[in-house]
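Two complexes, one shared chain (chain A), two partners (chain B, chain C).
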Partner chain A sequence: MTWCRSPVSLSGMRLITPDDVDRLAVGVIMLGSGGGGGEQDVHVVTTMLRHAIRTNGPVRVLDVEEIDPDALGVRAGLIGAPTVMIEKLPSGNEAAEALRAVRPEGEPPVSAVIGWEIGGCNGLFPLLLAAQLGLPYVDVDGMGRAFPRIDQTTYDAAGLPITPLAITEPSGNRALLDSSAIEKLARTVMVDFGGWAMMVARPLRIGDAAKAGIPGTLARALELGGIWASPQESHGTRGRAEASGGFLVARGKVVEVWRESTGEFPRGTVAVRRLDEDDSYVRLEMQGEYLVVLADGEPLVTTPDLICCLDAESGRAIGTERLSYGTVIDIVALPAPPQWVRPRMLGRVDPRAFGYDLDYLPFGQS
Partner chain B sequence: MHIGIDVGGTNTDAVLVDGRRVLATAKVETTLDVTSGIVLAIQKLQITRAFRPEDIRAVMIGTTHFVNALADGTGLARTAAVRLGLPATGALPPFVDWPDGLRDAIGGHAYLCHGGHEYDGRVISPLNEDELRGVARDIADQGVRSVAISSVFSLVNSDFERQAAEILTAEVPGLMVSFSHEIGRIGLLERENATIVNAALREPAEQIADGLVASLTSYGIHAPVYLSQNDGTLMDLEYARCYPVATFASGPTNSMRGGAFLSGLDECVVVDVGGTTTDIGVLHNGFPREAPSEVSIGGVRTNFRMPDVTSLPLGGGSVVRGDVIGPDSVGRLLSRKALVFGGDTLTVTDLAVAAGRADIGDAGRVAHVDRSLASTVLKRIAGRVAGVVDRMRTSPEPLPVVLVGGGSVLLPDELDGVTTIVRPYQHDVANAIGAAIAQVGGEVDRVFPVDARRRDETLDAAQQEAVDKAVAAGARADTVRIVEVQEIPLAYLPGNASRIRARAVGDLAFEDVARRARA
Partner chain C sequence: MTADSLTVRDLLGVGALPDCEVLAGARGIDTEVLDVRLAADIGAVEACSAGDLVILTGHAPYLVEVALRRAYSADVRAVVLVRPEAGSYQPPSAATLSFANRLGVPLLQTQAGDPLLVADALRTAVRRPDLSAARLLNAVTARMRRRKPDPASVLPILADELGVTAAVVSADGTAIEGTTPPGLPQSLLAGSVAGAAEVDEGWAVAVPVESDRTGHVRLWLVSHVRSGGGRWIETVTQVSQVASWALGKWVAEERLDVERRARSRGSLLAELLACGDDVPPHLVQQAVLAGWRLDGWHTGVYAVPQTPDHRIALDTNRTEFLRAGLARRGLHGQLVEGADGWSFWLTNDGEPPQSQHRELTLRLQQAVAMCDLVAGVGRPHPGARGIARTLGEAREAAGMAGPAQVVHIDELGVRRLLSLAAETPALVEQASRLLDPLAGVEDGQLLRTLAVYLDEESVTSAAAARLGVHRNTVSQRISRAEQLLGVSLENADERLAVHLACRAARAADD
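Coming up: the complex of A and B.
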């Protein structure tokens, strides 16, 4: 099975126009696995993206083979809390300003924007930058979903440089960071910058990004958007999950949500009483994203495979911050990009990487 | 004694209540001007059970009349949005996601100014008085009469919104001000949108409020008037003049709460069949659950939450063509247009009479209606309702279903998958009862910096703030309780900030009707 089931391959779909934005938003939210920002957060970015496309024209999307491998591609992404971003809205210049700071002297200019994290808001920020700069977007990213740490990418796993890293915020504060512990430094600066900031990492050779990254994730987001944006009544969740290459794990009611904010990131546990089976429960473990689904202590789905919770009534995805008592949800599992499911790679993103005493469970083997 | 009134699309219902005892009920047709229907309903109460107008200590009204002006687009004030947050927020100016028609109808004047706070209370940039005086001059030149002021994280610190209002009103006397920190929750665009909608509704709201007071006064009732808010709690009329937008979704909540009260069931599904729609909602602890997503008003995104109620376009007034039901309804003209009332339109009510399920109007006028068609259509309606009830159930255990509303005669005594059906006495005025029993609430919803060692103190402070707000809004202090508290640590912020939401409700303090200065 290929990861993107119908490799739309973007042939015939090589431009992102305002009409594609809503579908794309649904797709990147699904790829967020409950994290990376929910519907309200993504609305902020889609509104900016639509405006930028109307002003500067559609974004050209290229497959990795379609561009000179020696050309430079730049990645951008939000660090921090989307919940803060929807209040302290962007100025819109954050990424462009950060890019000016990371362009090394004497190097050729960047020719394209590439993805960093396709899941959630960060699936859209690179397209916004591409629209603002009039550059093409090359369809590759480093996660194929959402993850909390900026170095949880296949780029980092391949040893591609992330620094210097420029970080900017809407009030005009900016910093250029270089450290071997970039995650901690960037997060400290982000908190001081007011809870969210935009990052731009040192540009990469497109050839390197293509080799180390996960190609085709924008196409995957559009594919998922097409499946999950259609009205709920027309296809059941099960049918949609299967059309997406995944499966419906359970339908149930949220009967307990327990959250704590100690440690590196907030984490939580959710008890779901199944409605599709008598006297049966599943447990969800979450941090920024949904990470593990268990039944009777046995894993059913584990990170890096994707776990999405959808409102059973409306079919809309519910992020980890929004899940609340009493909601009836459908839990859907989607396969991780194959690049992560390799022994050498799993250690960065498997349940143990998030502090759970569990091994990765190959997709669909519960 | 007090009076509860619900103004629906079809009927205006009223109840006379003493404490929790319902003394009299009345149902009249909703009138175009709303207020004369209210007076008629009160007159009808008076006929059922005589009372002295001066004994009425409060009137609670549930109506969406205040926001109907938005759909008409008439009478809306020329409105400006002033946002404080530069250099942040520039990418998404006010009105950015509005439908063109509504934006143009109110002028769409948008001003981005300096100001705003960070989530932890630090200042983004100080207010610039000259900048704001420039805005004031422009506002005056444009003939703007109402202004919506929003500042980044004004729920953490509202000083800038108030200071900006002082500067603007000093330059533009008579300018009406709506504050975003009074209206919404976290999420600047949605909160600002709701504030702008509110600002545009200020003039019609004044007229409606004056009309309500005048009609009650003419009847000898001088008691304070309260309006139902979206969450089922009350606000007084003076506050409603300033914040009319908070009434826009009050209807479904009132009938859900009224149904729970009448049946004595705190955990149930309430099905309210009106003239135009059937609303179905699940109650937990006597309150409807809140829907997980935000709602839009007139195509404008807001961060109001609706009660989690599913609305089907089915009611007693739904027009029947062949075997197709609705979705249109004769609405408030039911008692003239339906066949059983001598009209010329076949409605669902006529089918209920033809099938022998209801005894309304003149059954002779529907003698020609095919009985098997009638029962087929009614069965289909019952099936659709049963389907929604089944989907809304939150557990496999059977949940009792409470049928309320004038149109509930359309539904049979058995529904698929439902073991208990309750039709409480006086169910046909459940929404007015819901208004009459409504309480007063206070809510806090914002980001708090949380120090792990003092987490309990922070939570206590948030809850106390909600309690204080409820008391300030007119609740009796000894009855106020916290009904909801939620702490959500912000994703992707390392353990130092949480979104805390606390809601408190209490009984209305009848004795203390002194007006308070909230705005």
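Coming up: the complex of A and C.
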């Protein structure tokens, strides 16, 4: 099974226009695997992105081969809870301000924006930055989906630097962080900054990013957006899932939701009574994202493969924070980017990395 | 299954799992457990082999479900979750329980500070069942040592240590302390050795506390076991046995006390006689402590001095003399001295046959004659109220007894009526007047023939045989007597009057 069934060549469509934004939003939500911000959170970003494109013109998208490998690319992303962003709205300029802080004196200026985390809101923030700065976006990111930790990227796995890391928030607080334990420090600052903040990491050589990162994820988001943004009635969930290179795991009613927020990240477990089989349950384990699906004590889908829960009626994706009792959902599995499914990489993102006593189950082998 | 093997149900009983409950999968509870394993992760569950019981230290829902699935595949007998005494714990949800039920793998939940202790206790129970029984015995005896072992202190100890509901029960099933298990079969208390029987909820284990010289058990210690299999019932029986010895000692002490207060037996009997059909438990307890058996068939005897003498009944030497006299003739029963006589009764398991009356009367006669007493005997009656009834009859019979006689109540009806008749002067006078025409006729032969004829139910041949004459002679004499008296013996009223007159006349002659 291929990760991106029909790698979208963006040639001929190298511009992201306001018309593309909604489709893109659906795609990044699917790649969020239930995390990285839901529909409401993404809506805030799409509004800003559309405004920026209308003001500054469409965002040019380049494949990694189309730019000088020695040119510098910068990545941006939100840290914290996307839901808080709805209450404490961004100004839209946080990333641009942060970039000024991380650009070392004397180094050449950055010539492009690259992706950090394609899943959820963070799939759109780099495009917003690109639009504001008038820079092209190079189609590569470090996750190919959403993950909770800022260092859960293939960039970090390859040893590419993340610091200094600039962090800003709408009311003007700024910090430049450098630490070997950047995750903990950044989260501490983020909490003091009010629940969410914008980060910009040290720019990378495009060549390094292309080698270490996951190319083509924006194209993947657009592909998924095209499939899942179409009206629900026109294609069944099963058909859409297969068109996306994945499969429909189960349809069922949420009968138990249990959440706990004692650890670093909130975690929860959900029991879904299957509607397609008698007296049978599916269990969803979630933290920021949906991470494992099990049925009768056997794993069906495991992280880093993607798990999406969709409202069976509307076809809209439901994030982990909003999944509630009584909802009838379709659980859809999509394959992880192949870069993660390698022995040395899996340890960062497999179920054990999230504290589950389970091994990664190769996609589609349940 | 071997005798030493334990099932999941047995393990629930041994008390190794504090506050343990079966959450789901009860279908598999009677499977045999061969070993116990502690599993901190799925890998450890996968390493289990058939027959193991797994104690899971984690309790995340997915983990429990995966463990159940692996346990099922490996033929593991049960999965035990340990609920910590402090900290967060998420009990298995309906989805998990439904899954366990479908698999039929028992999912148990216990509470403990350290799962290691649970594992240790269970492993000991599985590998050395005798050792865990010994531990329980130790615990029970140690606790009994600290207090005077009466039912009020022993029963709670059994309840705590064995998790049973215990009761001290008399042979008729009345609980004198604690609660009798509902549905307790009477047959369990009919024997003379420890036994177990199925009751409404689980099993009842009965061990004898105290029995009489014939081996009849008067008092039982009954434990209601709600969970556990054969092995556990055996352990409960063993521990109960020890407790029963302590209770037996208590009974002996109490009885000694009761003996010392002999008078209390009299008042106890009086209370028993007064309470009618429903004997209250406290009275049952006192009766059992006094060594009385309330179940079975009782035959009462009431003995009084030949000449009324109120002092002698209070003479304890005389009571002992009577007791010895009865015992010498094989009459072992309860003897209670009253103000004007002695109540005595014998108890049999079943209803004594009619033929025994004669034998009993004979032996009694010998015994009471030695003590210058006369006695009445009642009919056998069953149960606690039977004591009151038979003694009542005996007392009535004793009132009718002549010199050096033992009278059975059954003989009393006719004799009593006739003695009344004989003692009523008006009737005697009337009788002699009625029979006057026959006085001296044929040397009194006519009157004698008439009396015998009527005694023999007006059967001529029977009367002839008794008198040693031909039956025609009898017929002729009866016709003559009818003529002389001016009555017809065909008439029932006249026949009865003549018959009564004959008896009254004979009583007067005597």
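To be clear about the criterion, the second predicted complex is superposed on the first by the 364 of 366 C-alpha atoms of A that agree within 3 Å, B and C clash if a C-alpha of one lies under 4 Å from a C-alpha of the other, contacts with A are read in each partner's own complex, and residues count from 1 in each chain.
One rule holds in what follows: a residue touches a chain if its C-beta (ideal position, glycine included) is under 8 Å from a C-beta of that chain, and two chains touch if they have at least 3 such contacts.
The structure presented is a predicted model; accordingly, all values stated were derived computationally and were not measured.
S.K.: Given the superposition on chain A, are chain B and chain C in a clash or a fit?
M.R.: fit
S.K.: After the superposition on A, what does A:R187 contact: first (chain B), second (chain C), both or neither?
M.R.: In the superposition, A:R187 touches chain B alone.
S.K.: First (chain B), second (chain C), both or neither: which does A:P161 touch?
M.R.: It touches nothing on chain B or chain C.
S.K.: Looking at A:R273 after the superposition, I want to know if it touches chain B, chain C, both of them or none. Which is it: first, second, both, neither?
M.R.: Touch partners of A:R273: chain B and chain C.
S.K.: Who does A:S324 touch here: chain B (first), chain C (second), both, or neither?
M.R.: first
S.K.: Looking at the overlay, does A:E260 come into contact with chain B only (first), chain C only (second), both, or neither?
M.R.: So A:E260 meets both chain B and chain C here.
S.K.: Touching A:P58, do we find chain B (first), chain C (second), both, or neither?
M.R.: In the superposition, A:P58 touches no partner, neither chain B nor chain C.
S.K.: Check the residue A:P18 against both partner chains and state whether it touches chain B (first), chain C (second), both, or neither.
M.R.: Neither: A:P18 stays clear of chain B and chain C.
S.K.: Does chain A have more residues touched by chain B or by chain C?
M.R.: Greater contact footprint in residues on chain A: B.
S.K.: So after the superposition, what angle do chain B and chain C open up at chain A's Cα centre, nearest 10 degrees?
M.R.: After superposition on chain A, the angle is 70 degrees.
S.K.: Could you tell me how near the closest CA atoms of chain B and chain C get once both structures are overlaid on the shared chain, in Å?
M.R.: When the complexes share the chain A frame, the smallest chain B-chain C C-alpha distance is 11 Å.
S.K.: Taking the stated contact definition, name every residue in chain A that is touched by chain B in one complex and by chain C in the other, in rising order.
M.R.: Shared contact residues on chain A (touching chain B in one complex, chain C in the other): 260, 262, 273.
S.K.: Per the contact definition, I'd like the list of chain C residues that touch chain A in the complex.
M.R.: 41-43, 58, 60-63, 65-70, 88, 90, 93-96, 98-99, 102
S.K.: Per the contact definition, I'd like the list of chain B residues that touch chain A in the complex.
M.R.: Contacts found on chain B: 85, 87-92, 96-97, 116, 118-120, 122, 124-125, 152-153, 186-190, 284, 289, 292-294, 301, 303, 310, 391-392, 394-396, 447, 450, 452, 486-499.
S.K.: Could you please specify the touching residues of chain A with respect to chain C in the complex?
M.R.: 255-256, 258, 260, 262, 269, 271, 273, 279, 281, 283, 285, 292, 294, 296-299, 356-358
S.K.: Can you name the residues of chain A that touch chain B in the complex?
M.R.: Interface residues on chain A, with respect to chain B: 35, 39-40, 43-44, 47-48, 51, 79-84, 86-93, 148, 169-172, 187, 191, 194-195, 253, 259-266, 273, 275, 278, 287-288, 311-314, 316, 318-322, 324, 326-328.
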